[in-house]
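Dropping the structures in below, format is structure tokens.
One chain, chain A, appears in both complexes that follow, with chain B as partner in the first and chain C in the second.
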Partner chain A sequence: MLKFILKKLLLMIPMLLVISLIVFFGLQATGIDPINFMLSPEQLSASPEVVEQLREELGLNDPLIVQYFNWLGNMLHGDFGYSITDGTSIASTLAVRMPYTLELAGYSLVLSAIIGIGIGIISAIRQNGIIDYIGRVLAVLGQAVPQFLVGIILIQIFSIKLGIFPAANRVSPDATNAFVDAFMHLFLPVTTLTIGMVAVLMRYARNTMLDVLNSDYIKTARSKGIPEWKVYLKHGFRNAMKPVLVILMFRIPTLIGGSVVVESVFSYPGIGMTMTNAIVANDYNVVMVTTLIIAATMLVCSFMVDVLNAIMDPRVRLGE
Partner chain B sequence: MSNPNAASIKEQNKSAASSLLKKNIRKFLNNKLAVFGLVVVVVMTLACIIGAVMGVDYATPDLTNMKAAPEAGHIFGTDTIGRDLLARVLIGGCYSILIGVFCAVLSSVIGAALGAIAGYFGGWVDSVIVRISEIFQAFPQLVLVMMLVAILNQRGLGNLLFIFVVTGWMTTFRMVRNEFMSLKNETYVKVCEAFGMKRSNIMFKQILPNVMSPIIVSTTTNVAFFILQEASLSFIGLGVADSTPTWGNILNAAKSVSVVTNQWWIWVFPGLAISLFVLAINFFGDGLRDVLDPKQQ
Partner chain C sequence: MKKVLALVLAAAMALSMVACGGGSTTSGSTATSGASSAGTAAPASDGTLKLVLSTTDGSSTDDKVPTPWYNRTLPTNLMFRSLFIADSTLNEVSPDLAESYEVSEDGLTYTITLKDGLKWSDGEALTADDVLWSIDAALQTTQVNAIYTSAFKKIAEKSAEGNVITLTLSEPYSSLPQILSQFAILPKHSLENVDVLKLDADTTFWQNPVTNGYYMVGEFNVGNYFTMVPNPNYEGTPAKIQKVTVSYVNDYLTAAQSGNADYLYGNATDLVEAMEGMSNYTSHEVDVLFYKYFIFNMKGTDGTENAAMQNVEVRKAIMEAIDRATLATLYPSATVLNSGVPDSHPAYNGFSYTFDAEKAKADIAASGYDMSRPIRICYYNNDQTSIDLINTIVYYLEQAGLTVESTLSNDGTTDLFTTRQYDIGFKGKSSFSLDEWYSEYLSTDALFQNIWGGDTAFDEAIATYSAATTEEEKNAALKTLQDLEQEKLYKVPLFTVGNYVFTSSNVKIPEGVTFCNPLYSCDLDFANWEMA
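What follows is the complex of A and B.
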């Protein structure tokens, strides 16, 4: 087991290197010159030697490969560089915004797991009942309506018509209670993300639970006279949850992608919003760092899926 | 002497195939949701094409009539700079459907070809292609698309199609690869190999037809996926330029709270168009799966 984990961990390093190479050289290929953002056109034409000196200081005259290793070395030291457009330190921006995105994605993950698995299992137990029916309609709609449209509809209903929740931002300037403030701002974005996640999860949980309930050991358990609720919880639920948990982990990339869109709908100042704005503004320093962070998060998640899989299913370990 | 026999076997095969087709069509027609999906898809596509052929005016702003509510002259109302929304939704539909179909088909072709090669040959070819697909999958697709938008540094239709195809082939690839890995050990493949048939022939003429059903089904549902993806990308402002309307592009106007509050028609109609089309494609795809691929239900 330890060997398996170690092998997977070591495999992550070349993956991250390749990704950082692609990101770095890809964005260098755009031909955007950071000097143009730092100096005004007058300064650029007035004193070419100053410009040249600045280039030398910033290391922009080094060969690309040297620049790449400098950048990588700085990243490892926690020095993420500076935004080209407004000169702020990327590390300090991310320190504020990263937790916001983690909050958004984390709450949605937990909520969608509870709701999706809950509805899925009830639909499986009470097949063709009212909850099964509602669940099916929700699943179909959740997959057809674009996430941002769900967000817009929620804003229309809850912020504009009813005026309960704010339509944008993460913190209010005049907030008195930090917890209540966070709840108010998170409610709509988290709901939007959760609706998209629940749709898929619900269907999957229902089908797995149905499979399990039709299996022989459930019949055996019933014939032994074990109370019905115990059959569902102890024998059905436990076995149905393994594949559902794996699917839940596999949905994390979709969750991060979704949060990019949702952050844009709700003007929510997270990583996704940072990246979107940076792309629009050609701020490639920020684009490089945000993509790399997202890729690293993704790799860690897929590592966890592998380990989880290996713990639950020994065949995976032996097959490797 | 063997001729009449052979002819009759051929005949029999033909009639068996046509009765299978008939049976499948009957099965499909019995699935009301699938038929509904097909009808909606066909009607909406035709409406968009007819709109485009008639040359409806989607680009000229009517400055005296900005943000007009739906009325006789403009059934869907007008947008923030006074362009007719019905015309924009129709032409936008053409582009959105084109993007969806083009990317779904092309990424399926690439995914199927790579999957066939990786699954059939195995060994280092397989591990190289699988590694590449894993790198692509390390990114959430939307983020990957955004990164490519940043690298290409231009917002054009061509670039968007290219990006979607480059980032969209992995699911088909994995499916086809798995199928090939199990099918390549079948007897009929071994027989073909023993006869010295060319490898490309074995792969694409002998094995691939057996994998066609799941490929067709996943291509259908991918059309919906790419339409949604384009809509999200255009909504956050990284899709196609505003001069080319798409359903997502029109919805971009709904980023402003004042539009959401006061001009419901600007986001309700294109939103309905996307949702209805995607819903219909999904129903149609599910119906196809029931007919073509019974084991995947």
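What follows is the complex of A and C.
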């Protein structure tokens, strides 16, 4: 098992290197000069000497390959560099923003798992019943309507028309109760992120549960006279959840990536909004690091899925 | 399976813990919190002035107070003062941190006397040294409005003796007081050890800056907001409003609609239309010199010419082919103009470009322009109004018999001034004054010399205008500049776009207050603003 985990971990290193190469040279290939986004055209005109000093200080006069290895070396030492547009440390930016994004993604993941899997299982057990029909319609809607539209609709209804929830930020200046304030600020963005994910999980849980319920060992269990609830929970649910857990795990990086849209709509100060602002401002130091983080999250989740599979299914290890 | 479920639950709990503890950093003195029974933002008018800063227009990031040396937004205007304070036209100035000032007869020496007993919010004395250090730092840092660097480069010598500052210029520059009325003085004692190149990036300072205005920062919550509380060392009449909150938002309109902005500004059509439809907001139209204009790609510094644009008759015909009055209707408030000087200005020379599609067609044909060669337009504003505007321009030029290719650039500065694969560039420029518009013609301008070949034709007239001290001298110099501009036709303004300031009914603005360009600072009698 240890050998299996080590092998998977080591495989992540070349993958991350390749991703870093693609991200770095891909952004360089755009031909965008970051200096043009750090300074106004007027300032570029007025102070060519400051521009040159800045270019030198940022290492922009070095050959590309030197810039890449400098950047990679610094990353390995935990120095993620500085934002091109405002000069702030990317590490400190991440330290502040990442918990916000994890919070948003985490609540959404838990909620969507409970709601999506719950409705999916009930839909399978009561196939072609009212919950199944409603669930299927909602699943299609949840997947078809883009997140930004859901967010805007929720803001219009619950923030602007009804004035119940705040439309932006994560903390209010005049909050007296941190828990209530957090709940009020998180409710709409978490709901937005959850709706799309519930739809996916619901459909997946329903289909796998239906497959399991039609299998021979379920029929055997029933023929033995085991109570129906026990058949569903112990034999059906347990076996149906394995592929659902894999899907759930792979949704984690999607949630972090997906929060780019939701955070922008709700002015939520997480990694997603940092990335959006960096893209708009052509701050490619920040874009590179945030992209790498999302890629690394994907690799870690993929690794965790492999490990989980290996724990739950010994055939995986046999096949290594 | 039980273990797996337990792991998932533990992860969820850990995330919750991280969330409860992470994210915010606070600094500075404690701010009394506006009492609201729920944990959320209180409804409008709880005695707190609610301001917003946008994180999407490039002028601010949500991890620090924006530097007042780039754009002067209302929050920074309330925290940082200048030697002088301007009126709403930004032309007339009166002393602020300064007690008085004198200019020598030759216009080269400015003697400025600071008020006695000025203090920073941390109790340190505000001295002439702070002024001199600020001027030096502005010349070396990156995030700074070019009006300061252009002006301060003309200061040959500066000295201070007690409260008296002497600035000696290398050439007369009559707009120096106006520039100084915008230039915020920063505390030397807090910033002298910071890397001056990245002065604005020092979050330790900018999350809790030492200020000299009405307010200082009470609490800073990264990514969300900061509060402003009265500066105990402010020597003037204190503001009646005791607390101000400044939230970082992506969208001003949503902030206004949800009651979280008592003051905002903008010129985008959708924002202005929506705001004017809200009965609890008052709109204040502000005339600003925000030019939308064409630049023609003529010649590089190496002498390489763009042959297609060399004939001035072609450029004139292009202007005749475009109905600028119709284009101006794309904006909520735009004024067509025919030179850098607005038609309403006393120095306007009376010339105008007339829209005449048939004449334009005939003139282009007569100019000998190769009609099979497409005219290439390069622009970089990707908002829908700009895209609509370019599409309409393309239509007009096609009506004149030309074929047109338009390109939306991701990096306008490189494409317009380095790559130069275009004939007509479409630009925007928010100018502090007419100087800024005309200074682009200087042969030494680091950007525009790349497309106009460093032509020296304007240099003398610009120097004359800069040195002019009386209205008559200035108007005469402006007429010369307009004549040259219309003769050379290197760039042509289409129109200026007006701006709007919106104030909510939660705030009572004193009688007689006129708003100025919201990206600059002027006297708004803020001490007498009250919450309704």
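Everything below uses one rule, namely that the second predicted complex is superposed on the first by the 284 of 320 C-alpha atoms of A that agree within 3 Å, B and C clash if a C-alpha of one lies under 4 Å from a C-alpha of the other, contacts with A are read in each partner's own complex, and residues count from 1 in each chain.
The working rule: a contact is a pair of C-beta atoms (placed from the backbone, for glycine too) under 8 Å apart; a residue touches a chain by one contact, two chains touch by 3 or more.
Note that the structure is predicted; figures quoted are calculated from it, not measured.
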Partner chain(s) touched by A:L299 [first = chain B, second = chain C, both, neither]: first
Which of chain B and chain C A:I160 touches, first, second, both or neither: both
Which superposed partner A:S47 touches (first chain B, second chain C, both, neither): second
Partner chain in contact with A:E103 - chain B first, chain C second, else both or neither: second
Partner chain(s) touched by A:G26 [first = chain B, second = chain C, both, neither]: first
Partner chain in contact with A:A205 - chain B first, chain C second, else both or neither: neither
Chain B versus chain C as contact partner of A:S264, first or second or both or neither: both
First, second, both or neither for A:N169, with chain B first and chain C second: second
Chain A residues touched by each partner, larger count belonging to chain B or chain C: C
Contacts of A:V280 with chain B and chain C, given as first, second, both or neither: both
Chain A residues contacted in one complex by chain B, in the other by chain C: 30, 32, 155, 160, 167-168, 264-265, 280, 282
Complex contact set, residues of chain C against chain A: 1, 4, 8, 11-12, 15-16, 18-25, 33-43, 46, 48, 55-56, 58, 61-64, 70, 139-147, 149-150, 153, 197-198, 200-201, 203, 219, 221-225, 227, 245, 247-251, 254-255, 257-260, 410-414, 429, 436, 440, 445-448
Residues of chain A touching chain B in the complex: 15, 18-19, 22-23, 26-27, 29-30, 32, 140-141, 143-149, 152, 155-156, 160, 167-168, 253-254, 256-258, 260-261, 264-265, 275-276, 278-280, 282, 284, 287, 291, 294-295, 298-299, 302
Chain A residues touching chain C - in the complex, by the definition given at the top: 30-33, 36-48, 50, 53-54, 57, 82-83, 85-88, 92-93, 96-100, 102-103, 105-107, 109-110, 113, 155, 159-160, 163, 165-185, 238, 241, 245, 264-265, 267, 269-270, 273, 277, 280-282, 308, 311-312
Touching residues on chain B, where the partner in the complex is chain A: 134-135, 137-143, 146-153, 224, 228, 231-232, 235-238, 248, 251, 254-255, 257, 260-261, 264, 267, 271, 274-276, 278-279, 282
